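Encoded as structure tokens, here's the structure I'll be asking about.
Order as written gives the chain letters A, B and C; numbering starts at 1 within each chain.
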Amino acid sequence: MSNRTRLWLSIGIPVLLVIVVVGAFLWQQRAAGSGTSGTHVVVTPAPGSECTKIPKTAPSQLTTMNFALDWTPNTNHTGIYVALAQNWYRDEGIDLHLLPYSSSVSPDVLVSSGKADAGVSSTEGIVADAALGQPVVSIAAIIQHNTSALVTLADSGLNRPRDLDGKKYGGFGAPYEGAVVGEIIKKDGGKGEFTNITLSVDAMQALESHRIDFVWVFEGWEVIQAERSGVKLNVFPIINYGIPDYYTPNIITSPTEIQQKPDLLRRFMLATTCGYEYARTHARQAAQMLIDRANADTPGTFPDTGLVFASQDFLSPRYADPGRKWGLQDAAAWHGYPQFILNSGGVLDASGKPVHSMNFDKLWTNQFLP
Amino acid sequence: MDIPKLQAQGVTKAFRSGKRRLDVLDSIDLRVGVGEFVTVIGPSGCGKSTLFNIVAGIESPDSGTVAIDGDATGRRTGKSGYMPQQPLLLPWRTVEENVMLGLDVRHVPRKEAQTQASELLKRFGLLEFAGHYPATLSGGMKQRVALLRTVLFNRSFLLLDEPFGALDALTRVTCQMWLLDVWQQFSSSVLFITHDVREAILLSDRIYVLSARPARVLRVVEVSLPRPRNPEQLAQPEAVQLEQELMSLLLKEQAL
Amino acid sequence: MRLRAFASYGPAIVLAVAILLLWEAYVRAGNISPQVLPAPSAILAGLVANWAVIYDNMLPTLVETVLGLLIAIVMGVILAILLDLSGWVRKAIYPLLVTSQTIPIVTVAALLLLWIGYDIRSKLILVILYCFFPIAVACADGLASVEPELIHLLKSMNASRWQILWMVRLPAAMPAFFSGLRIATTYSVIGAVFSEYVGGEKGLGIYLQRATNSFAIVQVFAAIVVISALSILLFGLVSLIERLALPWYSGRRAGA
């Protein structure tokens, strides 16, 4: 084989490979675009509710709106996925783009920088953003009462928070975390001393490996999963142990957005509220819509649909208090916990100095809820 | 008088690195007539290779002139077939492709270059190795291929820098005779470097003896042995005497 | 010859099988929770059951990998040539190149997300960022290590700078280039997976993330198996191409 042939082959084979791969990819894109996912259930919003205000047909002109997710799709996001599946955003004239979760950029940054019109965050996140001078505003509480809990393995013998003194905690590295966990232990009569290890692995895995004694998880997800897989846990909901109740997750937007596009936000929240209101009373169907829609965007999003259904069954009644509308926020939740974490000295401003007070009422509003 | 192939006059060269200065060549005068076989011998490290690089156009003299075919001012690169000590065959080219190297540089069309190369290989008995890679060749073979490459590029003026130095005695003799054959067939002008006195006597018409660094021309000797040459002639009295003379001259220079 | 090639992989295969058997036995004996480390048989079953979805997510990652690698190769070689061009260009650019490899991926990812967005471009940029460096450095070293004598030879033939680069220096740098390419290839698939953490809809990295967050440990391992398999295949392809492109070199290496 001559050198020329060799040269051509050496260049040709990789180029051919690239063409084949890109071709397969483009072909798959086209195939995915034309396919439909699952059976489409059309839901009639309950009569008498604001949801009847949603037009039956979409206007010809749609406004694009970017919404940033805080995590891979899960049952906290169900209402949004329901509204998407039912085309309620479309009917309100919104072409909603769900920005996928990015482990390197939080929705808070995307919202403050204008890359996203709205997103999902938490009370802690919102307080931290305000301290850093990049404020965002919470316009709805997705779950009415806090569902965080500290958990230990049932066979660890650590049956109440005060048993956690001197034990190993696997956390996510937030600066006020230590203060919150310490407070829980103290409220139960302990000293509040423990080893704080920041994990980069999954909290439940760390717990099950017996290297960590207790972790902070959410009752609607990790605890449900543990039940399903037969792992027995001791669960200590944090609000039972002296932590002021607070909202997480929240729907956030930026002050600029509020100023410039209030009508868009109102229409968005109408569709979203209807989605969550539906999910409150139709857990199974709502979960199915979440699964179908998320799988359509990324195949294989929910490898374990049983977990989704179980989690949804837990969460649906907790989206709002009975007899109350979804999404409403009360001032008390915005003064108690936020002040608590400020007092811990764990919330820093842009130059690294702890912030001790702020105007909490600037951080939330109910004005866009229908 | 005809124009000599090569006329070097007063060639001087020094290398500078920082504050240090190394004088290598000191006013060298050298002439190679058309069709002549001239050898340069001298002690190791005396600057023979530097002289070659200057003639080949890779380096410039600090002072003095070098004229090839009477032209002292144009560029010298490409006007001689330069063969350094190592055969320097490109490992990714076959023997035939290596022989073609000079023609490729000259942008000669591939087919044409290939024909010329294989003709040359055939003429000198190396055609069966045309498709081999250099890695499979012996030292002597590589030198011969390198020589053919040099000749194909420029058969009229060859600069050969100790081409047979690394070969064993028997292979060396074979290659020497082979070189003489090539020289005769193409009527080339040859400037040859060696420090083997016997080799110089066997091959050349004239021998320049250089001193140790900085090199000057110590002696120019005519070799009047009849052509065609063969190794037995080295046993003849004139040859032996010449050999002894040159050896003692060199040994004196070497000691310095 | 083919049989011999397979035979040379024998020990590796035996070792791999042994490890898999030990692993299977370890998990079955209950030494570790299958939630943390599933058995190979479970992983295989999961791979087969979820193949359609995994394939769907594999394609975007493959595109990022091969396209990114191809662009990194072109960039790397061009950069190597630039670095080789002048000492001062090298001094100016080299430190920047090294620094580019020390920036934490999180920072770059955040910037890319804000400037470019979620489409394939931000991932391609990251893959290119991490793959071009070993190629550029290896190729630059290869270019720099060409024997000066060879350059002299080409200069004596009056070859232009570009001719020298194309005919001698680049081919001479190929073994070094391939060594850099092998390193870049080994890292390319995993680099593409990490780049997807910038955020995206489809890809093995995204799939991995979602499976992790859903506690689907079998799927996590299945994805990892696919990632490893792709890396090995790519690496094998590069080795094959190297053998094709440098038969004289790899033959020598393998034989030695």
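We adopt the following convention: contacts are C-beta pairs under 8 Å (C-beta built on N, C-alpha and C of every residue); 3 or more make two chains touch, one makes a residue touch a chain.
In this text, all values refer to a predicted model and were calculated from it rather than measured experimentally.
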item	value
Identity of the chain that, by mean CA position, is farthest from chain C	B
Chain nearest the overall Cα centroid	C
Chain pair whose interface holds the most contacting C-beta pairs	A-C
Separation of chain A from chain B, taking each centre as the mean of its C-alpha atoms, in whole Å	81
Whole-Å separation of chain centres (CA-atom averages), chain B against chain C	48
Chain A and chain C: spacing of chain centres that average the CA atoms, whole Å	34
Multi-partner residues of chain B (at least 2 other chains)	92
Of all residues in chain C, the ones touching two or more other chains	247
Complex contact set, residues of chain C against chain B	147, 149-150, 152-159, 163, 167-168, 171-172, 174, 246-249, 251-252
Interfacial residue positions of chain C with respect to chain A in the complex	33, 35-36, 50, 52-54, 56-57, 59-60, 62-63, 66-67, 70, 73, 105-106, 109-110, 113-114, 118, 197-202, 206-207, 209-216, 219, 237, 241, 244-245, 247
Residues of chain B defined as touching chain A within the complex	92-94, 97
Chain C partner contacts - residues on chain B that touch it in the complex	53, 56-58, 75, 77-78, 80, 82, 84-86, 88, 90-92, 101-102, 104-106, 133-135, 153, 159
Interfacial residue positions of chain A with respect to chain C in the complex	6-7, 9-10, 13-15, 17-18, 21-22, 24-25, 28, 32, 71-74, 99-105, 109-110, 113, 115, 202, 204-205, 208-209, 222, 225, 229, 231, 297-304, 307
